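Note that the chains take the letters A, B, C and D in the order they are written out, and that residue 1 is the start of every chain.
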Amino acid sequence: PERLAAFEARVAADEYIEPNDWMPEAYRRTLVRQISQHAHSEIVGMLPEANWLTRAPSLKRKAILLAKIQDEGGHGLYLYCAAETLGTSREEMIEALHAGRAKYSTIFNYPTLNWADIGAIGWLVDGAAIMNQVPLQRTSYGPYARAMVRICKEESFHQRQGYDLLLTMVNGTPAQRAMAQDALNRWWWPALMMFGPPDDNSPNSAQSMRWRIKRETNDELRQKFVDATVPQAELLGLTVPDPDLRWNEERGHYDFGSINWDEFYAVVRGEGPVARERMDARRAAWDNGAWVRDAAAAFEAKRASRKAA
Amino acid sequence: PERLAAFEARVAADEYIEPNDWMPEAYRRTLVRQISQHAHSEIVGMLPEANWLTRAPSLKRKAILLAKIQDEGGHGLYLYCAAETLGTSREEMIEALHAGRAKYSTIFNYPTLNWADIGAIGWLVDGAAIMNQVPLQRTSYGPYARAMVRICKEESFHQRQGYDLLLTMVNGTPAQRAMAQDALNRWWWPALMMFGPPDDNSPNSAQSMRWRIKRETNDELRQKFVDATVPQAELLGLTVPDPDLRWNEERGHYDFGSINWDEFYAVVRGEGPVARERMDARRAAWDNGAWVRDAAAAFEAKRASRKAA
Amino acid sequence: MQPNHIEALLEVADDSLVLGQRLCEWCGHAPTIEVDLSLSNLALDLIGQATLLLDYAGEREGQGRDADRLAFHRDAEAFRNSMLVEQPNGDFARTVMRHFLFAAYANPLFEALTSSPDARLAEIAAKSIKELRYHLEYATDWLERLGQGTEESHRRVAEAYDWHWRFVDDLFFDSEAWKSGAESGLWPLRAQLRPAFDETLNAGLARAGLAEPKPVWPIVGGRLGKHSEHLSSLLATMQVLPRAHPEATW
Amino acid sequence: MQPNHIEALLEVADDSLVLGQRLCEWCGHAPTIEVDLSLSNLALDLIGQATLLLDYAGEREGQGRDADRLAFHRDAEAFRNSMLVEQPNGDFARTVMRHFLFAAYANPLFEALTSSPDARLAEIAAKSIKELRYHLEYATDWLERLGQGTEESHRRVAEAYDWHWRFVDDLFFDSEAWKSGAESGLWPLRAQLRPAFDETLNAGLARAGLAEPKPVWPIVGGRLGKHSEHLSSLLATMQVLPRAHPEATW
């Protein structure tokens, strides 16, 4: 109880908690869940983009996309490492994902259907991720906060690249413009869902806010995203697929239509359009790679024992 | 010895030997080897063409090719059935193929690299097959001879379709004409090899000729093929890739360059350009389909026992 | 036919085309020669149907597009097939289940089309329905064999059912274009075909010893050009030659 | 540079391009995240090399073709890569072995190119050789790990060697175009690089505990545009967008 009070005071004072510091079990559990979910999202998130990597229409775009997906893998690595400082191994986390016990961002259960989707993911998905993540640079757990600083910097870069890809396409042929609009039509609502359920239905939010694992509410972040993104869409000459979208002078914010929460919860349950493909791909990569990991481990063990001898 | 003499007399008189007739073991063995090799060739021969089925450039050509490959599968079936009348099961023959004990035509170990190859296979490969097979319509073993009648009729049809495909291409764009020439360049020599080693190096020929399992020598058939095919190439406006090719007024035949027998024997040994792909594909089809065959057998068994009860 | 009726016609044509193309991938790789030949037969029927339907759609459109133009020069977004038919072949159980679900839907549809007031459409349907009856029979026979065969085949066909079931609503989706054609009396609403489908489905599942479907979040969009990731890859292969050589005839 | 020298340059460029494209297929599917990132790195290097080499070839050709034009608008017959690099990824052992063989060849080649009298080519080679040294090191390390790891990994890497070995002569094939460039002093004959390759090869095999190569019937033709069946499928995917939308820029 004393330790708990001291812990809460440090968090309230915006101090960082470090791996060897005492922390409540619930805090540890919540963090592992959140950080591993975030790590899983980075890894699963490689798949929708990799789907177009072999079809990138220029060598420059192929290199940019390859580097971007690589960054995401790198983010996954930092985050697994950050979560490991809390006492859960990467293997355990990956097994939880493959068994369906751990979640990842719902957005990656939507398919990438044309090349403009690569731009839309950078612009909207990375854009929404940044909105979610910028506050986490000041989250209470030190290793997580520091990982976030590096991740946010790279995500901003990805967002600009995505926007640039779309800018090229809207200035291209009618077919390219149509692809860009089609991508916006399909990614807009899933991007808004990335901020999670509405505040009045977000059970863990209050606790997470108190612990500085979260620093703004889902609805606040969602509004911020809409306000920032709508003018960018206008600049592209694309139409946001929401008939209820309009500027509210009084609120100083955009009003927007209501989200299909039934779809959101279906996707959370694992019934998203390509959720099975995503999990099948991850499981296949892991299972087909088992012999490689085994070989590397056996080789290391042999080398170590040779050195010891 | 008496039975042997009677047998030889019947064969010499061009009578058909039927499954229940007495026959020398060597005759049976040679026939099983030859017929099963022929059956295997039909089945393996589906693969190089199937390689372009999903890429056929018009719906009509796709349907023609599909029907053609289907015919080949059908030929494979008749031939396995003909061989089974000699007391060897289809499974045994297929296992011999997959274990590398049985052979198939060397020609199918060459890759199909462009759409014109589909025409070249019809024209040259089916053309050569017909040359080989027409005499077999009068071969001494009845079931084999009858299978051959049906097969030859369909092969002639395939050959015309292949020629028609090439005719369309040589009358098309420069790229199409180049594809047609490229296909002829690659398929010409392998087609000549389809008639087997030269007569002075074809150990089983004499015996097979006496038994009417074979009715013309390899070199005779090869000459016949060259004589028939060269004018067809000229009609297409394509160049046969043999600088030594010329009409020999005296012989009344075309002279042609020497065949690379080292390559031939390498391909016979299983070192042809795509021999591994072919065998991997056949083994994978067989192995991946094992559970289906098991299920069908189990279902039949249940049904039979239900009827019996 | 109004322009949107022609688009609705593509929904039917593209189902046959894409499923036929998928079946072509089996060629040379099936579990037995007999199955190989049968799958080729199904593919031949489907490609034949697609050719007739696409040619007709192109004629009515009147912009000089024939079946080949429509098959080989549209991007994935312009395809109107259901997502069911574009699903990968997977193992033989998935192929059988996909075909069973498709044929159970296509039979009442083509049956209805045989009495369309559009004579040409009725004629194409009359030819096709004979083929599709056999497709349903063939797929149902295999469904039963796999369902009642071995433990492994039962498990696989149940898994196949689980995979494909969520695309059935997409198969039956009544697009605005389709509804408009239905109002003009060209064809029934797909919703009206559902009872016949359900009957076939339940009978097939019963023969195979499979449980009735659980409710799922349906995945829809094919009739509107929103497909799975599989279609664009299928088309990249199928269309490669006409796209690379647009000026050629074959 | 004479026209045939430019064609010979494509032999080098296409090796990097096709191998880079193959490695892209691993993205998101590798045995560990670390391996995934490493393979992406190798792919990035190769695509970078290909871009520089193709741009240069296009410039020297002087017909307005840049790297993208050459990468996305040539048919398989016009590609000059060796058959080794177009071989499918297979399992990780095949990918490692393919990369080892390629890097063991590319190192002495690019080393030699750094002193080409063609300044631009020398400059590209100087940038690339640093990358390729790392490629060889990375592939050799994995070769050793797999060869000395478990029984299964040893079996797989031996099988991989058996698969790829017959394409090594294709890698070293001296085409007429290449010979002409060698006569002009632009680069060495590939035959001259073979001793360095053999040394690297034998050292690598020894570290991995693999037996020396058996003689095989070599499969050659890549430098002449006669490829395996795998290249055209790879290109169908890689080129799909620029082919479908020839007028677009991306």
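The rule is short, and it goes like this: contacts are C-beta pairs under 8 Å (C-beta built on N, C-alpha and C of every residue); 3 or more make two chains touch, one makes a residue touch a chain.
If you're wondering where the values come from, they're calculated on a predicted model, not measured in any experiment.
Participant: Which neighbours do chain A and chain D have in common?
Facilitator: Joint contacts, listed by label: C.
Participant: Which one of the chains is farthest from chain D, going by Cα centres?
Facilitator: The chain farthest from chain D, judged by C-alpha centres, is C.
Participant: Rounded to a whole Å, what is the gap between the Cα centroids of chain B and chain C?
Facilitator: Going by mean C-alpha positions, chain B sits 35 Å from chain C.
Participant: Would you kindly tell me how far, in whole Å, the mean C-alpha position of chain D lies from that of chain C?
Facilitator: Here the centre of chain D sits 42 Å away from the centre of chain C.
Participant: Determine the centre-to-centre distance between chain A and chain B, using the mean Cα coordinates as centres, and give it in whole Å.
Facilitator: 57
Participant: Mind pulling the residue numbers of chain D that touch at least two other chains?
Facilitator: Counting only residues that touch two or more other chains, chain D contributes 75, 236-237, 240.
Participant: Find every residue in chain A that makes contact with two or more other chains and list them.
Facilitator: Those would be 55, 175.
Participant: Looking at which chains touch which, would you call it a line, ring, star, complete or other?
Facilitator: other
Participant: Once the touch criterion is applied, which pairs of chains come out as touching?
Facilitator: A-C, A-D, B-C, B-D, C-D
Participant: Where on chain A is chain D touching in the complex?
Facilitator: 43, 46-47, 50, 53-63, 66-67, 69-70, 73-74, 76-77, 80, 115, 165, 168-169, 172-173, 175-176, 281, 284-286, 288-299, 302
Participant: Show which residues of chain D lie in contact with chain C when the two form their complex.
Facilitator: 75, 233, 236-237, 239-240, 243-244
Participant: Please output the residues of chain D touching chain A within their complex, sorted ascending.
Facilitator: 21, 24-25, 27-37, 40-41, 43-44, 47-48, 50-51, 54, 67-68, 71-72, 91-92, 144-146, 148-150, 152-153, 156, 237-238, 240-242, 245, 247-250
Participant: Going by the contact rule set out above, which residues of chain D touch chain B in the complex?
Facilitator: Residues 75-77, 163, 166, 216-217, 219, 221, 226-229, 232, 236 of chain D touch chain B in their complex.
Participant: Taking the touch rule as given, give the residues of chain A at its contact with chain C in the complex, in rising order.
Facilitator: My answer: residues 51, 55, 111-114, 175, 178-179, 182, 186, 263, 266-267, 269, 271, 273-274, 276-277.
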